[in-house]
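Heads up, the thing below is written out as structure tokens.
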């Protein structure tokens, strides 16, 4: 391998010049994963590359885009990856596989274990790019501790991520963040259902607790409570969840960081009525 | 994002050493586009990465290749992307999704608007890579103001881009370029039809006019007239076109350049018997 | 092309810092290839990019991953590309599209000609990533002249590369390497068949001879004898092979290296009962 980019720690300054650049980063993992509660394990590995494009004009207007190499064809069509323009004092406009405004505002629950453990910790959103459909628009504005967001699926076509035929989807969200606390709420409507989400988190740098609650217009509810505790270079995570169908989930994850991008992690996640997921292995970021 | 490549403005000299390198560049866009004359608009975004491979031997022989990440699988098969060798005093040989010799020689009409506006400004070629099939070969030679080109689809197999079963496709082109003028012509045959193309352009750095005319062997004709006017950091473009079916097209585009790779652009393009295309948005290059 | 990465010859030292990096390299080729013994030739070209991710912790633990851009989607699923961890004094663990332990241990036969000539020189392996299925694990350990390897397909699922339903595949290999000699052997079992492979090579830097012999449990055998001779910047290669079906192959290849990553190569390969393959063209590495 003749071409080694030492790009993680080197930043060449170009005094006074506006720039437009491409960054290449990556991640990988390898380990064992079980979909039947640990009776049988399978080998599981993954390698990915992420491209991050960024630019800034002399007047301070920032712009950029990002996608993963395995999404290259979808990014070319606008259904994966995102592009954005960030205008000082006006806000940031993101298009593509953009998050809905609720997801952008409320507290996030990172996947646990070495391979995401089925993402069983996730709150369900009705709108936005994570639903995997169409091209969405997200506008966010921050001022001191307050951030607001508004999003919409592609208008008039039912092509937005949460949209159904002939019904536009949209969402609004707001978050208030202090050094220790975050309080956030949002409302989203995908033309079939709407959902109101309330969330909060408290963290002191060593321990963090996050909760989120969603109320759908048919009175069904979902909630997640998620705790993180850091001791040394280890991180312990646990969650409980109930989805709109009333099914209960819980899970626990532990990771140990070797530094330089290498960590080992283990995860265990349950879902009422389904087999438990168990996994452990190494994660790498480059 | 830990890995930031400041690659747009930094060139590290390696005195006297022959090199073989990979460059990563990208482009993105986000905006609104209408396929029904402006009655309804949809969100439209795109992110792409382009790899450009280049090398030079000590003896001055240049070689290289290029493809977009969304074409990675096709580039592996030779039907997207191109590879070339450029031999001093002999010429450049390009293979892959290469342009036909007519397209390589005659004046080019850049797409207008933020999203190409359906490429309605394009002259139609009968041969070459843009037709999207097979692996083609293009040879070009330049000497002072004169450039000549010859191209062919893959021999004996009907697999060339313009080829039909059992019929090879080929093309020849020539261009004469001065500081202000370009005159170019070409002839191409795809085994079913042949076409003679004449084209010319005049530009003084602020305004430019381009015309191209194609005569098919069945006496059907096509033409494009295309004007560009630059004022400050704005570019105004307009075109009229008639295709082989006698259908008339016209279009107008306006773009404003913010520098650093960011621009905003709007486009409007008509096609006789079809709905008008309207679009506007931001374009980014990295 | 504004972004030129001069990455082949530049290595920026970051004293004492652990690193995690991404390297981008590429290869391309263009030439003529015939699948009918030279009666008809077709254009043939290819462009590829390879990502190589590498990291090292302060404690000396190395890790990394690699895949080609045209395999990006499979690499995301673990069936192409590989990830590895290399623990000092313990060994290297590779997962993904990993080679089987036999393939990893025994002598390798590089493809000849400009386009691999149908890979007719290859010994057939029963296990490991080259069979194109599933996620495999390979463990290798080296101590001085001795290297040992053990591999397995994904356990309990029949998803390993050589595995069949309900039958795990595994392999072991060992190699002893001196300055001039290499002796290596291996045993592999894919649940249907097993194979014992013996191989050896002798090379003095100018000439090299390699042989490999495989005995399957049904007493069918395969063998390859492969010679390479280097004169100046030219490399001449020839091989003879017999596969498990008793079919004979032979081939000859010649390449000339221009330096800087550019070479021209020609190849000719036969297979009993099939048309001869003939090819010549340019190969490029970046």
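A few notes on this one:
As written, the chain order gives the labels A, B and C, with residue 1 at the start of each chain.
Just so we're on the same page, contacts are C-beta pairs under 8 Å (C-beta built on N, C-alpha and C of every residue); 3 or more make two chains touch, one makes a residue touch a chain.
Model, not experiment: these values are computed from the prediction.
For the pair subunit B and subunit C, the fraction of shared interface numbers is less than half, so the two copies use mostly different residues to meet. For the copy pair subunit A and subunit C, the superposing rotation over Cα atoms measures out at 120 degrees to the nearest 5.
Centre-to-centre spacing of subunit B and subunit C amounts to 38 Å, using the average Cα coordinate of each chain. Taken residue by residue, subunit B touches two or more other chains at 2-3, 5, 7-8, 21-22, 24-25, 69, 72, 286, whereas all remaining positions touch fewer.
The touching residues of subunit B, counted against subunit C in their complex, run 2-3, 5, 7-8, 11-12, 14, 17-25, 51-59, 61, 63-67, 69, 72-73, 75-78, 81-85, 93, 95-96, 134-137, 153-157, 159-160, 286.
Interface of subunit B with subunit A (complex): residues 1-10, 21-22, 24-26, 28-31, 40-49, 68-70, 72, 258-262, 282, 284-286.
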